[in-house]
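Chains: A, B, C, D, E and F, in written order; residue numbering restarts at 1 for each.
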């Protein structure tokens, strides 16, 4: 890692969810309830182990949220519990360095 | 890194390819042959060192695959060997933590 | 991390910016002036702490640049200084492993 | 009937469907951009609504009441028939049977449009208010299908979310919204928008069917996952439902053309509203079954052979 | 006036706006894809330009000169009025007042179109060259608003970038470009593209207003952030500006219909060109204010009650 | 000829091209969304096909046979001419010369459409079946270009993939598919889709050319990379090919209008089908050369000066 020198950065978590569109609005509501202060989303196409392609109507959506490690954990747990059984959904987590950490919710650790 | 506590997570590799559209279908075929169990893709615009912009028809596509480290390596090698010489293509790799690791193919290590 | 064995890879930085569209062209110009040799961009939708949704016209754009750590730092500083006060913008940084490192500008370190 | 069949098969609309399928078969790089598909489907649903609404505004209530009631009855009856056929003859599990029942009880707007065109060309202009029947037919079957499933065990989905999807889904909003607009604006009010919504309609439908042909052909790749029984079901069930629809249409006072179109509607399987609601309410049902059957089998069958058949039945029963 | 009001309220265009708002209110999953919205707005702006340009090509310069000058004056005067109202009566800070002034001094192309349609239907066909006035009215107020702000302190934005945005923004390029095209091609040259740009216009506008209804309804959710004063401003300021516009229209020789349309134009608040320029030149102004006022309050007010009102004023003053 | 030149230059279609170029020159934020561009190109190709097919259905085979053969010959001959000019006079390397040859031997559908319109307006209505010639002209030159390259050394691309692209590319599928549809449906079957595909055509083309103007202007920024020789080639080669096309057209029995359109077709350089196939088959060729020459130089030249010139040649040779 190359910590940024000038601006003070903090390490947060980037949670990425790729899901069939039918669950989009429910997912967004839950994510914000679990503590995310924002999100970014866009339409994608995809193939996976379940995703039989559906019809055109059911293409996928990708949701990205920058959150504290605690919230990240809750989001991943929520997605796994509620959607893995019957829906086309994947979720993965990465570290990201951000400036203005407080923007993404409270967080006790630093990079 | 902040390992997720509740769900058991495994570290896989996220391979990202940004390429001119003319190679999209061939790339996808190869990626799956090399062992990827799924992919996500979407249209992007871009500029790089080769990419003269082409015409409108030749905008770029971004392909993301979550795979085991072994497959990641094969995909990167394949892209570099087959496409770097004459095509507008970049590829980069990152670690990602996933739940339900087996979904993305066999993998011997854990986070 | 699982360094790629066959191809020689180098660790660069992936800077991701999500911003309201009104700043897109100015951002791109600055990023290239600061040393980026390329960029990838696409339209997204989002919500954050400032982003009141604007009108339709003001949806967001996501810009991704693979750059050396030095350039990454400059880009983050620039975005923070010029845009954080009055614009809907977030920026975060990650490590990425790339092949053909020189493509993304000079860089003294290796993975 | 051979005439009608030929005219129907050789219309640009059906030919576009075939072209789409061919493009997929030869692995062409032709792609209909997603936003174009969405734009066309918004346009078509709104246009049907507008047309139906402005026709309703000049139709006496008495002419509409019986057909509406009859259609409502069919919307409740046909999913029950379909469910029992799938359970008893097909030995299908409850969840997937209920999901398919919802689809086959509901209606495909494009099948409706195609039927209207073919039947009118064959010299049997149907009643103008038929789009109202599409709106009536769309919803009940989905509720019946979900009711069957929810009354038979724990469900992974959400009943409320599914109901919300059913009544606020985009196809119902555009269809009923368009009808309200057409009804309020009346024939005169509609005049300025006619070039766009009426004259352009068949052409836009042609483009839409190019896309449908591609989607249907892609679905056919899942055919083996689906099995012989479901292929047979996807052809025979529409014929039964179609005949029933024609009979109810004539019995409630529709013309031969109107009854034939009602037959086509009843025979058709939903592929917008039902999948959206079932995905929310019954996520454990397998989309490969209901989408392949509805889009890959029943839709092409109706588009080519079904519609002329229902017209023939209507001519025979009502002539 | 009741007639005009009713005809206006019950036109497909206004009904589509209402349908869009209803879709948002019931939380439907209906969505107008972004590219469709952009395609429609390109189409509408180019079509207005073409129509206006081909009308200009057969209009003697003398007929146009005074209205153009009058409109130019209004484009300078109305932002100054609006700024002072906001500062003095509304106690608003300079930045936000200047931003709002730029919006209310500029013009909404869709309000213009709607006014043209309503006024023509009411039996007062407006002059064909009015689109030229839209082009004239769009720019000056934005410059005035920025000048006010920049002359009163340090600014976070860039004056040059903002000016560039003002004069090369897509709405001005399409409007003026379309006018040049229509003017050069003339009535005859336009004939081949008329089915697309003229006959299809009202229908495309209907689809566009479906989207506008959705956007406006979404903006209304910000209403509390905006406060009572701004709601009142969003209704009363247009009435004042509208009356002024009608009066200037009649004084510079426009017909009753033309003056009513000019009134609607002057009363309207920009929601494409002004936000784009203000975001660049005055980023510290709060978009929630100017977008909610312009899209959520003034636009719906004008579309429903405003336009008939301006026509009534024009009939009364000019009749 | 001055008349034709003027009428051609001042048509909305050409003016839209100029407007697009101006928008890029002034750095406007105008953007044609990618899906709109794709939608328009699908629409235009299908519409040309439909029109040509329905014309073919009423044309005796004898009238078509000779022009088809002549066009086929030109599709083989012109890439060979272009290749030799580039190699001998331009000292260009084999790969890039072969790639350019493929482009200049093939055809630009939009140039064809523009030529048809101009020539008809000038009082020389061309034969209705000409779209069939577009389909005939599109493919052979690309194969010839690839053959030249592959017969002269190892290649980085894939011959099979390139051939697949050539014959299943979207422009050929839509053109030939549309022709089959139009031919099967016949004049009567086409009637319901005419408002959409025929009446709307010129307007949709106008929007498309707005985009083409923007693309061409962006390509011009690469002009210095391309060199003086290629600029000259992009203007003179079309004149030679165009004259050849006119002559072959008249020799195989086409009318003056038909021969002029064939001249424009032969002179034009492909910018959809050829780039797609060359990118797959000859990736080592530099796109900056073939795209800048074809889109930035030859297309604008033909659109403005070329078409009237070919008509003048046709009048002179065939009058």
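Quick notes on this one:
Heads up, the rule we're going with is that contacts are C-beta pairs under 8 Å (C-beta built on N, C-alpha and C of every residue); 3 or more make two chains touch, one makes a residue touch a chain.
None of the values given here were measured: they were computed from a predicted structure.
Looking at chain E and chain F, the chains in contact with each of them are D. The chains in contact with chain D and with chain E alike are F.
For chain F, the chain whose average C-alpha position is most distant is A. The greatest centre-to-centre distance from chain B, using averaged C-alpha positions, is reached by E. Per-chain CA centroids place chain B at a distance of 19 Å from chain C. One inter-chain figure worth recording: chain A and chain F are separated by 47 Å, centre to centre, where each centre is the mean of the chain's CA atoms. Each chain gets one centre point, the mean of its Cα atoms, and the points for chain B and chain F are 37 Å apart.
Contact of a single residue of chain E with at least two other chains is seen at positions 29, 33-35, 39, 195, 199-200, 276.
Each of the following residues of chain C touches two or more other chains: 42-43, 94-95.
Applying the touch definition to all chain combinations yields A-B, A-C, A-D, B-C, B-F, C-E, D-E, D-F, E-F. For chain E in complex with chain C, the touching residues are 34, 37, 156-157, 161, 211, 215, 218-219, 222, 225, 271-272, 275-276, 279-280, 283-284, 286-288, 291, 295. Put simply, chain D touches chain F in their complex at residues 7, 10-12, 15-16, 19, 22-23, 26-36, 39, 117, 195, 199-204, 206-207, 210. Residues 20, 22, 26, 43, 52-59, 85-87 of chain A are the ones that touch chain D when the two sit in their complex. Residue ranges on chain A touching chain B, taken from their complex, read 13, 16, 18, 42-49, 51, 60, 62, 69, 72-73, 76-77, 80, 84, 90-95, 109. The touching residues of chain A, when paired with chain C in their complex, are 1-2, 4-7, 9, 12, 14, 37-42, 66, 94-100, 103.
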